[in-house]
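Shared between the two complexes below is subunit A, which has subunit B as its partner in the first and subunit C in the second.
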Partner chain A sequence: MDSTNLQTVGLLIDIFAAAILVTAFLVVSSRSLVFYIRLFALQSFFLGIVAFLVVLGYGETHILIAAVLTIAVKAIAIPFVLSRVIDRINVHKEVDFSINITVSLLLCGGMVILADSVAHSILDAQRADAPAVSRVLSVSIAMMLIGLFIMTTRKKAITQIVGLLTMENGVFLSGLSITYGMPLIVEVGIFFDILVAVLILGVFIFRINKTFESISIDSLRSLRE
Partner chain B sequence: MSTILFALLLGLPATGTVLCAVFHSRRVLETITVAGAGLTFLSALWLVTTVMQVRALSTPQEWWYADGLSAYVAAVVSGSALVVALYSTGYLRRQVRHRHVDGRQLWLYYLLLNAFLFTMMVVLLSNNLGVLWIGSEATTLATAFLVAFYEREGSIEAAWKYVIICSVGIALALFGIILTYFSALHVVPASGNALNWSSLMLVAKGLDPGVLKLAFIFVLVGFGTKAGLAPMHTWKPDAYGEAPAPISALMAAGLVNVALYSLMRFYILVNKAVGGSFASTLFIIFGLVSMAVAVPFILIQRDFKRLLAYSSVEHVGIIVFALGLATPLAYFGALLHLLNNAIAKTLLFLTASNVRMAYNSKIMRRVTGAIKVIPVSATFLLVGVFAITGSPPFGLFVSEFTIVSAGFAGGNVVPAVLFIGFNAAIFAGFIYYTSRMVFGEPHPPVKRGDADTLSLLLLGVLLAALLMLGVFIPSSLQECIENALTVLKG
Partner chain C sequence: MSDVLTFVLPALLQLVLVLVLAPLICGIIGKTKARFQHRQGAGILQPYYDLAKLLRKEVVISSVASWVFRCTPYLVFASTCLIALLVPTVVVPLPLDRVGDIITVISLFALGRFFVALVGLDTGSAFGGLGASREMSIASIIEPAMMLAIFTAAVTAGSTNLSIIVAKLSSTPASMMNPAHLLAFSGLFIVTMAETGRIPVDNPDTHLELTMIHEAMILEYSGRYLAFVEWSSQMKLVIFLALLSNMFFPLGMAASMSPWALCVGGAAFFAKVIVLAAVVAVVESTNAKLRLFRVPELLMVAFILSLLALILYFIIGA
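Up next is the complex of A and B:
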């Protein structure tokens, strides 16, 4: 591929990586569980596109299957499962916060700055040349931090799953950005694990709802010292 | 030849899982599980003797790899699995008789027990660090429904926390593995092999030290969560407390060692690549913190299984601490302690299950005068507690003594003194609670009646093993540990 086209691909990767970050911020500012799931689907779709662009621009064909799996598993299958879960349980579908939206957004903004400096220190530490897409490492680390933030400050069981998956998306993006993805069999195994984890957690949500008549994790506090 | 060994070690538990999925009769499920675990254990022993001669084995494309360290841990894990499988037969028959468990649950239990053993073997035998990660996450998934087995409020809560916390931990470990891959990319061309532990060891000196140090921190937090190192241990008392006792036993004796094994692999790699005391200092700190965190929770504990869970946090801390001392003597102590702790934890969790069955409670206040109600189990409980707290003449005394000596010999005086202090406090807590459970009068009066003879016999064997390891170490075990030790030295 000639250099102008390569530049275009690079630019597109940057744009879609930014779009991924925007979806993470929208999740943080969202009040509805349905939006959480739709935004996660959109985020995974953008992630799949970034993976396709890496295939297109840098000829890493083994990522092709990972890109297809990202869209099939994370943008379609998992959101479908999660939507079914919230349809089937009759609960209040608003997100509960322990930190309000404005403060949350400010904190997440701070996390992006932190992630950017961590990413630079990782890339500076490496003596050899980093892959061309390593710029998006900052975005991937920011995603991990925001995912953790969602898990700790949003109280519905579903929001914990979305937080975990946001983290996983961040880890996948980091793999794409600095190593052009993991070996194929490893990627496939990781997708399988994530899918099974979501199915198991989905079953647990049904049970939590049946037992506690709520899916707020605040009700999970019988086990204490 | 090597291919056959890998095929057996992975294939036996995998076949067991598939067969359990097909059959539903109790007898068939029991036979499959016990035979599967037994044959896996024998294969692991075969692997141990094989790697003594050839040092390391791998399959043609190098996806699977085994050396002294993996063989040793595989033998400990599959041995625990065999004991747990045997005990589970009697345990589940009782549960079915008392209608605590129905046919579907019985089937699920055996299916997942086989799957659990399979996933642990995947971790122990994978050469590719990505496959090791997949296996580790799969151990969490295989045990999720086992922790939630009794479908009580508490068990669902425990299982939810367990899956969420361990998945977050392991996601961070995956980032660590990606960073490791990144640190190797300029010395090994990007391919499946660049993630192989054996290839990484060959080029260790060329790995990027800065990136690898950062990678190690993520891996330590990630697999440390799985092993239950403080402060990432919070899922452990809940999960061990709520899971059926034989499953808690296999988590404390098997899963913990599998997670420690993963940590050791990265530890060896980072020590070789970075040198100095970077990784070992982190290990000493995390080890001491885990021991310190366990102390207050052991002193104020009400629930016996949670007490054992905090003891597990402590002993993981002891092993990581010993690894951090980084001398051959300390490594020997760590590896010996890994075996001793596995035997003692299995003994105590299974004894706890006998106590619970007699008193229908695991709250220690409600259990008194056990020596009059279940004399055999009560004796095992008392002696087992002396063993787990490191009193002579049991195996844990020998390994802890070795570790402390290594600490003093290596000039780590302050950590070694702290180690002794934490152990003394934990000893006091354990003896206080257990003596109240064992002695005195049972009130309200409890019907006499212990577990079945096979179960008690099994516990007797475990106790005899602990006693033997306290008196002398057989030369074959000595050789086996020394063979694992050469791997740890890098």
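Up next is the complex of A and C:
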């Protein structure tokens, strides 16, 4: 692979990484649960493309399976399951926020800056001739922080799952950016883990909704007695 | 004599181009929106007829109106004309790039906005005050977003001078696809929709009390005053479309004053502005107007996109 092609691949990775970050921000900016799911599917699709680009640019063929699995599981299967859950519980809007959308967006902007400074201190300790994909590390750390933020500030159980999945996408991206992905057996394990977790959580949400007439996690407190 | 040829003549041509093009672009947007609603719609030349009619009409001025009311239309029109001289349209280097850079453009917009808001208050009508307060609260979010988006382009080129930004970008076409650049473009696009009073933020076509922003401030104007204010806001749209197209994708801009290059540059500019105007019309037709209290959320998205653009410039580099 000659250097101009490698540059093009690097540029494309940058563009898709930026797109992934934008989808995370759009999740923070919206209220519609269906939109969350669609954005998550889009985000996972972009993540799969980044993985394909890493295969193309750096010849790491074992990621190919991870890339296909990302698109199959996270961009198609999980969104499908979550849409079914939304249809059945018939809740479409996130209405109560701990922090309003405007402030959330600003805080998430701050998190990207934080993530960048953290990533710099990690990358500076590494070798100087790091490949283009390692620039994506700060995006992946920002994704983890934003996913955590979504989980802590939104109250609907579906949104909590989307936050968890956003964090997971961040972990996958950071694996890609530092070490060209984890060993295949680990990746495959994680994918099935996530898929089963979402299936169980989907059933769980359905039961919560049936018992409490709401999927707001605040009502779970009444379980204590 | 050479000064006249190299500076004054191109500058005047650029001013005339923006002046003449502005009503046409608004006509095209109106026609596109009408077709989306399955209406025949007015012809694309309608804004010219409207302006001509308004210029002939008598001016009615409220008895409590002060000098601010009388001078604002001319002031806004003059400042918009000055901006039209400063933005990149057909040829680069810009004829008047030593007069002002992108910061001048932003502050001239702010000057016009300030006086229009004053007019809203001046006549003491309830709608005017309402419009002025809405305009100012929205502007306080738009302006930082606009500055950040523009500074991303400026930081990439290493200068706030529009000629240098355009020239630098033309010489390295790959940087047009830079993620920072694309994000700044989308941030500035949302800013454009808000700045020019387009649908997710404000509706330019109605005088509905509860929703109007820009129309509320200029409600008291009539005759040639209204014509100048309307013409300025039409020019503002073209200026923003010119900034969007040429500050981010300066394809086909003329690099010299030869007639052939000017023709190509003019055609490219016309095509880019028409495409962007069509996109504006599609966005306007496919979206509902936001509730006023939801508008800050949309504008915050624009702000965050521009902020991300600037951060990504430093993460990823140009």
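Points to keep in mind about this one:
The working rule: the second predicted complex is superposed on the first by the 213 of 225 C-alpha atoms of A that agree within 3 Å, B and C clash if a C-alpha of one lies under 4 Å from a C-alpha of the other, contacts with A are read in each partner's own complex, and residues count from 1 in each chain.
Heads up, the rule we're going with is that a residue touches a chain if its C-beta (ideal position, glycine included) is under 8 Å from a C-beta of that chain, and two chains touch if they have at least 3 such contacts.
It should be emphasised that the depicted structure is a prediction, and the values quoted were computed from it without experimental measurement.
Once subunit A is used to superpose the two complexes, subunit B occupies space next to subunit C without a clash. Looking at the shared chain after the overlay, A:Asp116 reaches subunit C, while subunit B stays out of its contact range. Of the two partner chains placed by the overlay, only subunit B lies in contact with A:Thr211; subunit C stays clear of it.
In the superposed model, A:Ser138 makes contact with subunit C only, not with subunit B. Touch criterion met: A:Cys108 reaches subunit C, while subunit B stays clear of it.
Once the two structures are overlaid, the count of subunit A residues touched is higher for B than for its counterpart among subunit B and subunit C.
An angle of 150 degrees, to the nearest 10, separates subunit B from subunit C at the C-alpha centre of subunit A in the overlay.
Of the two partner chains placed by the overlay, only subunit C lies in contact with A:Leu21; subunit B stays clear of it. When both complexes are overlaid on chain A, the residue A:Ile99 reaches neither subunit B nor subunit C. Look at A:Leu164: by the touch rule set out above, it reaches subunit B but stays clear of subunit C. Our summary of the superposed model lists a minimum C-alpha distance of 20 Å between subunit B and subunit C.
Applying the stated touch rule to the two superposed structures, the subunit B and subunit C interfaces on subunit A have no residue in common. Put simply, subunit B touches subunit A in their complex at residues 128, 130-131, 133-134, 137-138, 140-141, 144-145, 148, 151, 153-154, 156-161, 163-164, 167-168, 171-172, 174-175, 178-179, 181-183, 185-186, 190-192, 195, 208, 210-211, 214, 237-238, 241-242, 297, 300-301, 306.
Within the complex formed with subunit A, the subunit C residues making contact are 174, 177-180, 182-183, 296-297, 300-301, 303-305, 307-308, 311-312, 314-317.
Per the touch definition, subunit A reaches subunit B in the complex via residues 122, 125-129, 144, 148, 151, 157, 160, 164, 167-168, 171, 174-175, 178-180, 182-183, 185-186, 189-190, 192-193, 196-197, 200-201, 204, 207-208, 211-212, 217, 220-223, 225. Across the complex, subunit C is touched by residues 11, 14-15, 17-19, 21-22, 25-26, 29, 101-102, 105-106, 108-109, 112-113, 116, 119, 135, 138-139 of subunit A.
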